[in-house]
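Inspection log for the structure reproduced underneath, given as structure tokens.
Just so it is clear, A, B, C and D label the chains in written order, and each chain counts residues from 1 on its own.
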Amino acid sequence: MGQVDLNADLGESFGVYRLGNDPEMLRIVTTANVACGFHAGDPLVMFRTMEMARENGVAVGAHPSLMDLWGFGRRMIVGEDPADIEKLLIYQIGAAQAVAAAAGHRITHVKTHGVLGTMANEDAELATAIARAIRTVDRDLFYTVMPLTQSEAAAERLGLRLVREVYADRTYQENGNLTPRKIPGAVIHDPAQAAERAVRMVLEGAIFTTEGTRLPVPVDTICVHGDTPGAVEAATIIRDRLTENGIRLRPFAAAD
Amino acid sequence: MGQVDLNADLGESFGVYRLGNDPEMLRIVTTANVACGFHAGDPLVMFRTMEMARENGVAVGAHPSLMDLWGFGRRMIVGEDPADIEKLLIYQIGAAQAVAAAAGHRITHVKTHGVLGTMANEDAELATAIARAIRTVDRDLFYTVMPLTQSEAAAERLGLRLVREVYADRTYQENGNLTPRKIPGAVIHDPAQAAERAVRMVLEGAIFTTEGTRLPVPVDTICVHGDTPGAVEAATIIRDRLTENGIRLRPFAAAD
Amino acid sequence: MGQVDLNADLGESFGVYRLGNDPEMLRIVTTANVACGFHAGDPLVMFRTMEMARENGVAVGAHPSLMDLWGFGRRMIVGEDPADIEKLLIYQIGAAQAVAAAAGHRITHVKTHGVLGTMANEDAELATAIARAIRTVDRDLFYTVMPLTQSEAAAERLGLRLVREVYADRTYQENGNLTPRKIPGAVIHDPAQAAERAVRMVLEGAIFTTEGTRLPVPVDTICVHGDTPGAVEAATIIRDRLTENGIRLRPFAAAD
Amino acid sequence: MGQVDLNADLGESFGVYRLGNDPEMLRIVTTANVACGFHAGDPLVMFRTMEMARENGVAVGAHPSLMDLWGFGRRMIVGEDPADIEKLLIYQIGAAQAVAAAAGHRITHVKTHGVLGTMANEDAELATAIARAIRTVDRDLFYTVMPLTQSEAAAERLGLRLVREVYADRTYQENGNLTPRKIPGAVIHDPAQAAERAVRMVLEGAIFTTEGTRLPVPVDTICVHGDTPGAVEAATIIRDRLTENGIRLRPFAAAD
């Protein structure tokens, strides 16, 4: 049948602090987005994560962020010059490339972290700055985006290779945006239900809004969470349900 | 006659903080070692410094450090695993490569900052870890070292391209080490005198100890300070005295 | 005639980085707002600044901020829980109290830094959290506020001792807010003109809007900048003009 | 029979990162040493930890450190001026006092963290700086020290109130120092055995070296670990064994 990539944000430990269960998650996912030290991660964590990913046949990408360790890249920092943010990303992507090479691996893509991605989805100028950062470092890198957003539009405008990502455990609004977490029903807490949704999105090549609208989009990768309680179990269920439905799991960049 | 490179540690500002007079220094030196965000510098400062360096025809290199912003990489942090420090450097060098490319430039070399270099000069294992980090990221990068140290030995052992550096304003002990700053006479405060010493070292291809011993070493580059009061004036005097003596100033990697 | 306090934000150095000319400014102002390590400052800088302040007969206060060293507390970080920000302030004020005591001094007040103050001026909940933090640590501390703002209202509601502050070099809008910096005429660049405005505000007990409206407010203290080029000269001019007009300069808490 | 205090280092989370099981540990120990933001902890974590401690009738103290978040205060940073470290501690203790007050609690003592304590145990000047910091902030605060060290000597010299601490799960050398972790037998991994040792030390008022020597020392508090796997179980066993032997557990400052 079809095929899809399964990705998670990993390498988010820092110093003595451990976040998520990377060794387990790396046996489940096909792609890992690795934190680059600005919201989480440090060079040792990055190396360890990328080395483990290589050993597990998992593709890796840079998962850069605004500069905000204490806030984990989730604090809404507004008004920064997109041209400045562009440099933050160039730095992080370059660092990730070098660490990946040292770990005998290579990064295939970039996925922005936290509030940076959320803001870019609605801000064409910021999205363009992100796309430009990727292109500047290596125009062969994929850019992982939410479909139907300014991020996707910017990537297309700049001719970047694109990976469209959907969330198994989040619901969608009519415009294709995620339902904000504050709204009831935004998050699917039952892994079995999330898995069903993932299967359906892949098989139909579409996301489905809370009002039932079908929005056709390429579904290149499914995001699962790596740092919540029950993350390993939930990811396992999603993975199993996908393969049971004849969907092959492989890194989106596998044929690259 | 001969030729030599003139280098300074630049790009050591951070956020709103300004350190040194980079625009002026970049009109004087031929090579800049650019801080990489661990003891100083941030992606915006790195970009700005590297862009200015390119505009001035100044070569740039990575100037990585231990992780110590508050201590400016000068706090003596002992006992860290050299294999860990290796990853810190790989990260920083990779980041510097990417930012340099974004600024239309490229890094030619790596020079360690502060206490990291000092410790490596006497610690073969640490020096080897540094050399390995450079080789891992790009084996064509030069490694700037003090001659007659473990840093130089490690670079030779690993087959790295070498740049031997001398200090115009520091005196040398019998073993080729710098006289520790605590000892009177360690630092030459008169720029004219420092300039004379620089000229002599280049013309004779040797350093001269406080006891008068001549230690023949290749003199590839002369380090001048960029962040002290009077730095611009002192560097100008050294530069002028070198050229007056028929010594051509050019980046060590110019013929590369 | 009248009297007024002259304040500046000082102690904003960090590690090796120097910002502003604290020794000079401390000979001019009567009150210093000392950074507390979150946007600038560190314990050594705080101690040095407070000790110098004491030697110059200058009153000191805590100048706390959001947690944002790289952005110097100027990045607009929105959406943080006011109850969380309250704890950040309690921590910083407590630290400032202890360092002041160690320096043989004591803090008389709290003035929030950067974007935190700006946001609180229009956000009653945030302003209340700030006022509560001050009251929790020491209900005898003054709270330095801009008149006609939510900050002032919160301080009054909680029964805090209040210091109303005006800016010599900024113009005011009809509602008493500062003209945003983006608007032409927001900043008075001529120190002589700024000094005239300061004198008039003190003598008339009012601020004057760009449209000429007179808004009567208590003028307890005038803020001058400590970290811009020409800061010392501008502050000197303002100070001299005030005293020439018979206005006595003394810490607002002098009679305390 | 006798009585003793049981303490653990808690509040070592940071931002999104969780370390240790504070809610469980606070049901077991009688005193908590709370990280102050320099090696771990942040104002929110401090507040939460101190509030929980109050609710559980657990005494709290400041647990200050060198400035080293990434290294968790364990990196051996040598050569810093003790007079500078003194200011770092004053800042942290003051912050802890204020946060404790906000949480309806108060700090009873100071215990240094990680490498700072280890270094002070053998460095009279550093130990004196620490003791001076405590005395400067509040001379009624206790200073938790290892007996037979420079830390203890400094506290006595400055007339500080003293708490002597022993480790249930560490062995002692002839001079009263802990056996370094690198040496086999340094750590007692069996909680039952650690508990027996704790009981014996309390009942006999002495520590026992690996060679069998009995070193009489006041045993005011026993340190148990809060952040290792099995920490809760181990602490529970130690607590139970102490009470089974008729030893009353209460904060050392309870009678204060």
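In this section, a contact is a pair of C-beta atoms (placed from the backbone, for glycine too) under 8 Å apart; a residue touches a chain by one contact, two chains touch by 3 or more.
Predicted model only: the values in this text are computed from it and were never measured.
Asks: In this assembly, which chains make contact with chain B and also with chain D?
Replies: A, C
Asks: Across the interfaces A-B and A-C, which one involves more C-beta pairs in contact?
Replies: Taking the two pairs in turn, the one with more contacts turns out to be A-B.
Asks: Using CA atom averages as chain centres, what separation in Å is found between chain A and chain B?
Replies: 39
Asks: Averaging over Cα atoms per chain, report the distance between chain A and chain C in Å.
Replies: Computed from C-alpha means, the inter-chain centre distance equals 43 Å.
Asks: Give me the residue numbers in chain B that touch at least two other chains, ranges are fine.
Replies: 42, 67, 70-71
Asks: Across the complex, what residues on chain D touch chain C?
Replies: Within the complex, chain D touches chain C at residues 37, 42-44, 46-47, 67, 84, 87-88, 90-99, 101-102, 133, 136-137.
Asks: Within their complex, state which residues of chain A touch chain C.
Replies: Checking each residue of chain A against chain C gives 67, 70-71, 75-80.
Asks: Which residues of chain D touch chain A once you look at their complex with the stated criterion?
Replies: 14-19, 40, 42, 69-72, 74
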